[in-house]
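Consider the two complexes below, in which chain A is the common component and chain B and chain C are the respective partners.
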Partner chain A sequence: MTASSTSHSVLDQPSLFQRLIRLLTDHETFLAYVLILPSVIGFTIFLAVPAVRALFISFYEWNLLTPAEYVGFGNYEYLFGDSRFWGSLGTTVAYVLWNIPLQTVLAVLIAVLLDRFSVALSSILRGLVILPWLMPNVIVALLWLWILDPSIGIMNVVLNTVGIQDQPFFGSPDQALPSIAMVNIWRHVGYTAILVYAGLKTIPKSLYEAAAIDGANATRQFFGITLPLLRPVLVFVLVTSVIGSFQVFDTIAVTTGGGPVGSTRTIIYYIYEQVFERRINMGRATAASVVLFIILVGVTLLQMRYLRSNQSDLADYS
Partner chain B sequence: MKSIRKYSFVVLALSLMLVIGAVSAQDVTIRYWLWDTNQLPPYQTCANNFMAENPGITVEVDQLGWDDYWTGITTGFVSGDAPDVFTNHLAKYPEFVELGQIYDIQPWVERDGVATDIYYPGLADLWTKDGARYGLPKDWDTVAVIYNVAMVEAAGIDPAIFDSWTWNYEDGGDFEQVIAQLSIDANGNNGLSADFDKDNVVQYGYGGQVGNNPYGQTEWSMFTNSTGWVHNNGTWGDTYFYDDERFINTIQWWADLSLEKGYMPPYEDRSGLGSLALFQAQTLAMNIDGSWMIGSYLGSDFEVGFARLPAGPEGRKSMFNGLADSIYVGTDHPEEAWAWVKYLASEACQTVVGESGVVFPAIPSAADLSLQVRADNGIDVSAFTEQAAEEGGTFLFPITDYAGEINTIMTEAMDAVMLGQATAADILPAANDEVNSLF
Partner chain C sequence: MAVVTPTVPSTEDADRRALRNRRISDALTILVVGVLLVIVLFPFWWVLRTALTTPQTVFTNTSSLFPTEFTTFNFERVLGFIDPSEYVGTEGSTGVTAGQLNFFLYMRNSFIVSTLITVGQTLFSTMAAYAFARLKFPGRDVIFFLYLTGLMVPAIVVFVPNFVLVRQLDLIGTIPGIVAPFFLMTPFAVFFMRQFFLSLNKDLVEAATLDGATKLGVFWRVALPLVQGPILTLGILTFISSWNEYLWPLLVGRDESVRVLTVALGIFRQQTPQGAPDWTGLMAGTAVAIIPTMLLFIFLGRRVVDSIQFSGFK
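The block that comes next holds the complex of A and B.
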């Protein structure tokens, strides 16, 4: 924020009418609104309206085919009394904890490595690391279902050669969830690394030169300069990947179907079951969706607040 | 002259309208869905024959994988875009009846005088409730033992024993002896040896399917029901018996085949790609599977044989399951859809399906054709048909409401038993209470 933009008093602010006139006469502003209009329309039709509608549906017992019946908070009472719902929340949190720290650390490492290579080599490597992200989720899940099959998959063969015994992976209640997390990390880490790599490119080289003159080694430079200046990018990466992780579904549907013993039933899988295996129970499904929405808004606000997403440390250096 | 011209114009216009009307009246497309990729070719032939006989109707046949199939049907109901006619399953159709999404075809059956006694006994009745009828039978299935011929020969087992072997949950009978003999550890000891290392098995005697659903069609029902146990109190019943001692003991015996004895791969190993993949990778000597899977087993790189189920205390028992074709209530062309369903259930189409050898059609003469096709190729699959023909040799698929809920409850409970997290006696009575509280 510059000094000039904050020097106006409240009395200097244009009225609503003036702003409207300016909007219609200022071509650039007008063009900006025209350009974002398709997104706004799409957001309204496909996200905002369904989200509000879901809130209403959550107070009804409805299968979309016969008339809805108002049940007040009945669906929420059912959810809070259902041990499988609580189990699915716990499983989802566990999945996020498996997925996010590992994926973020790996992505930063890969990005830093990419940044060290020459431009030509880095381009090729960037293409390679993002390849898994270009594959459809279901294909990735099927691929790993074969690789991680305990009896005939290649992973156990590889593990055996380094002296590790056969692992059950998707078949074990203890390993199924981490296995799914690993598969999704494999798919997404390249994309995250590219985002971080782009963030690295915004850090002026002069800072590193100055630090080097002051005698800071590579580790010191990473923790003193790179990591703090990456914060806005990391906030974006964390917020989007946490939201994505809370919504994990397709890998689970293909590999474990929520089992064994419900150990991979995440909240989205619970919602899916309510609709497709419980006679299209839209009320309970939307109630669970509303709970998920509230959780996600809360988690996102906390992340943005504590990671100070709207500030850049770069200003401190300039 | 002028009036003739005027009239001829009117006649021409009218006849043109008639032609257009006739064309549009005949321009009817019926969408038909099925899930089994093996059955797509014979049913496409049926569709071609049907279209040749009914020039006004086009039948579009689509095949989707099992999971996508039911998700697609459900979303189709909601969006009003479900296929006009689709292959239906006994575990699914009660829900569709409750949601009011499939036609009661009994009035059409009566109007057109369609015979429902031409099928295997009991098949047509599976699709009726309170005088309404929700589908006409197309095929049936039983289960039987499938074995790796070379492994059985190598173990020195005479296949003749398969005709007389028995099973019980106390000591496993001849059946357990055979699978023990076929189980080999890394040191070459078989399961009958005192030195057999159950934690280091290279060849398992028996596969054991992993779908821990509430029915156990190919998993455990051939054992549980041969003790005299039944799933519930009859078709459209409202009480399940998963807390019965016979059921609990059988399930524990079955789980212990892998947990305690090492004759069956651990649950974890079977749950990924399933026991068919393990059988084809030659880590299993025997498996039990349904007749609709015959073609998949024959696709193995080695010779396979088919054998009768072991007889339990109450004889040999196989679940008898049957599919039918149902009509979606949202179809724009109910009469044409009915004509297609009637044709699918007719001798003409079932003969085509029988000649393909893929499944056993619902009409006995067509099922015999299927058996003959296999026999002509030197493959004896009579283990399936003899089971169906045996008096008291089959029991019907348990049809009830709440199949989805029961599936969730029982899958979790059975998973826990198979993984050794809980004993059958500890967990199944509670699961049974939860199931029965649904009704």
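The block that comes next holds the complex of A and C.
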């Protein structure tokens, strides 16, 4: 907007190069373009174009080696006729249903408990609770593969001492998916709890005092004050963790590889198989990605609408 | 403990009952938190305990809480100090698989990849974020809206086309290939930094301009020093997530020379030919692999926890 305000004497005429530098560093529009240029390049090459390209590839049959062949909606027709694809959608939804409710409830519980300690102590506890989140998914998966090993893992030893027989965990079609959910809850629950804890800190303490004077017990205070006022944070947590758990991959790749008998083949694992484990089929892989994208946008928009309509809960009280 | 309890003795019956209830609930809190902490922390101990056990006894004495036969053998072979093949043929090692990890190579690769991504992404995203937050230019709102849309595109959607692109550029099996998609920006990083620049004090900028600072000078000398904290936070988060990244390096960097630690550990596990996996070796590798992020967290942990609070609201 505003150009350079510094004046130069006639004797001290700046060279063309100096004027260019001056233009780039002081003219608002030019400086802005210089600053955003690398990021716009990155965005265009690795996000915008690939997203559009994915849409195009999904209409082709392509194995990377021979030229791509246009097949129209062929890939989508294949997907919708493939029972493994539908199975992977079902598995993904089942995984989300195992993962999200349990993780959210546990996170709220941990956050409320952390809130009962002094600031200093809760800070240390928060540091400990978040440790699993620092571990790479792959390492978390390896670790739990060892702990849940059916024959020599420590988990079955623990279960035996309380009278429960050996469990197969990852080895059984019924238990593999819940086991993966438990592992990922272990990794993420501390992170989620800290988000919720931060939300708790925004609730004015005076509300609880007023409620206590009115004779509301802890349970009623929790459901009457804490939960409604946590709603914006909870919706944020839900939006991000639902999107995240729709895309679960690392844990599955390391522990079960989609098995046993496809019981842990989620949609991302299905896409991975199309590219790397069966005959390379880029068209089917991107078509499945596009379907996942549409599902995710739908889920996100639904949740965002919910988020917006509840943003002002706190204003009603304070 | 540090839980607040009323200390003033009261003669009122109701008060005494309230006090007792309060004590019971405090004790319950401590108990539940204790149990949760054991669940959270026990696996970390199990990594260490397994890594310090000899490969033979790990299958015979599975319930012992401590290493039954203490050894640093696993750490030594994972770090490449001893050749496990000398060990495997020896007495008492029947049925024991003991792999070797080219650990320092993978560690070095992880470091190079994570550092490059952290430096590039933090730098370029901060630059862009400043422009979006504090400068006016044609197309600003449109471009920023596109970035926000990009935030919603799941990683997997662009993975396949990006793989194709990286392959066409002949960058498969190279460090630039692993780094490229994350080097220049992520919408999250731009969005994150923009929030901080938006909240900067306008008066400071005006004062600097009056003092004759150029637009670049305001960015460089006034704005940047004020957001050092958020930049550090973004850097830590970026480093941790690039260190932990698995799928993209698995696709692009399977080759030995550029393999990162997460991929190497995944492959190490698949490599055990017959019989049981090499658990003691894996756990030793695991223990060493989490040291860098742990150190980062120990020194700068408060910031990570604080930044998480921040990102929950903006």
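Keep in mind that, in the parts below, the second predicted complex is superposed on the first by the 265 of 318 C-alpha atoms of A that agree within 3 Å, B and C clash if a C-alpha of one lies under 4 Å from a C-alpha of the other, contacts with A are read in each partner's own complex, and residues count from 1 in each chain.
What we mean here is this: contacts are C-beta pairs under 8 Å (C-beta built on N, C-alpha and C of every residue); 3 or more make two chains touch, one makes a residue touch a chain.
Predicted, not measured: the structure shown is a model, and the values here were computed from it.
Engineer: After superposing on the shared chain, does chain C or chain B touch more chain A residues?
Structural biologist: C
Engineer: Looking at the overlay, does A:Gly153 come into contact with chain B only (first), chain C only (second), both, or neither?
Structural biologist: both
Engineer: For A:Pro38, is the partner it touches chain B (first), chain C (second), both, or none of the two (neither)?
Structural biologist: In the superposed model, A:Pro38 contacts chain C only, not chain B.
Engineer: Thinking of the overlay built on chain A, is A:Val261 touched by chain B (first), by chain C (second), by both, or by neither?
Structural biologist: A:Val261: touches chain B, not chain C.
Engineer: Using the superposition on chain A described above, determine whether A:Val275 touches chain B (first), chain C (second), both, or neither.
Structural biologist: So A:Val275 meets both chain B and chain C here.
Engineer: Answer with first, second, both or neither: which of chain B and chain C does A:Ala253 touch in the superposed model?
Structural biologist: Both: A:Ala253 reaches chain B and chain C.
Engineer: Would you sort A:Leu65 into first (chain B), second (chain C), both or neither based on which partner it touches?
Structural biologist: The first partner, chain B, only.
Engineer: Is A:Ile57 touching anything from chain B or chain C once the two structures are fitted on A? First, second, both or neither.
Structural biologist: In the superposition, A:Ile57 contacts chain C only.
Engineer: Name the contact category of A:Arg84: first (chain B only), second (chain C only), both, or neither.
Structural biologist: In the superposition, A:Arg84 touches chain B alone.
Engineer: Find the residues of chain A that appear in the contact set with chain B and again in the contact set with chain C.
Structural biologist: 64, 145-146, 149, 152-153, 253, 275-276
Engineer: If we count contacts the way the header does, which residues on chain A are in touch with chain C in the complex?
Structural biologist: Going by the criterion above, the answer is residues 1, 4, 6, 22, 24-29, 31-33, 35-36, 38-43, 45-51, 53-54, 57, 64, 109-110, 113-114, 116-118, 120-121, 123, 125-132, 134-139, 142-147, 149, 152-154, 157, 186, 190-191, 194-195, 197-199, 201, 218, 233, 236-237, 243, 246-247, 249-250, 253-254, 268, 271-272, 275-276, 282, 285-286, 289-290, 292-293, 296-297, 300.
Engineer: In their complex, what parts of chain C are in touch with chain A?
Structural biologist: By the definition above, chain C touches chain A via 1-4, 25-26, 29, 32-33, 36-37, 39-41, 43-44, 46-47, 50, 58-59, 62-63, 124-125, 127-128, 130-132, 135-138, 140, 143, 146-147, 150, 152-165, 167, 180-181, 183-185, 187, 190, 212, 214-217, 219, 240, 243-247, 250-251, 261-263, 265-266, 269, 276-277, 279, 282-283, 286, 289-290, 293-294, 297, 301-302, 304-305, 308-309, 312-313.
Engineer: Show which residues of chain A lie in contact with chain B when the two form their complex.
Structural biologist: Listed in rising order, the residues are 63-66, 84, 145-146, 148-153, 168-173, 253, 259-262, 273, 275-280.
Engineer: In the complex of these two chains, what residues of chain B are touching chain A?
Structural biologist: 67, 70-71, 74, 77-78, 95, 98-101, 212, 265-273, 277-278, 281, 283, 404-405, 407-408, 411-412, 415-416, 419, 421
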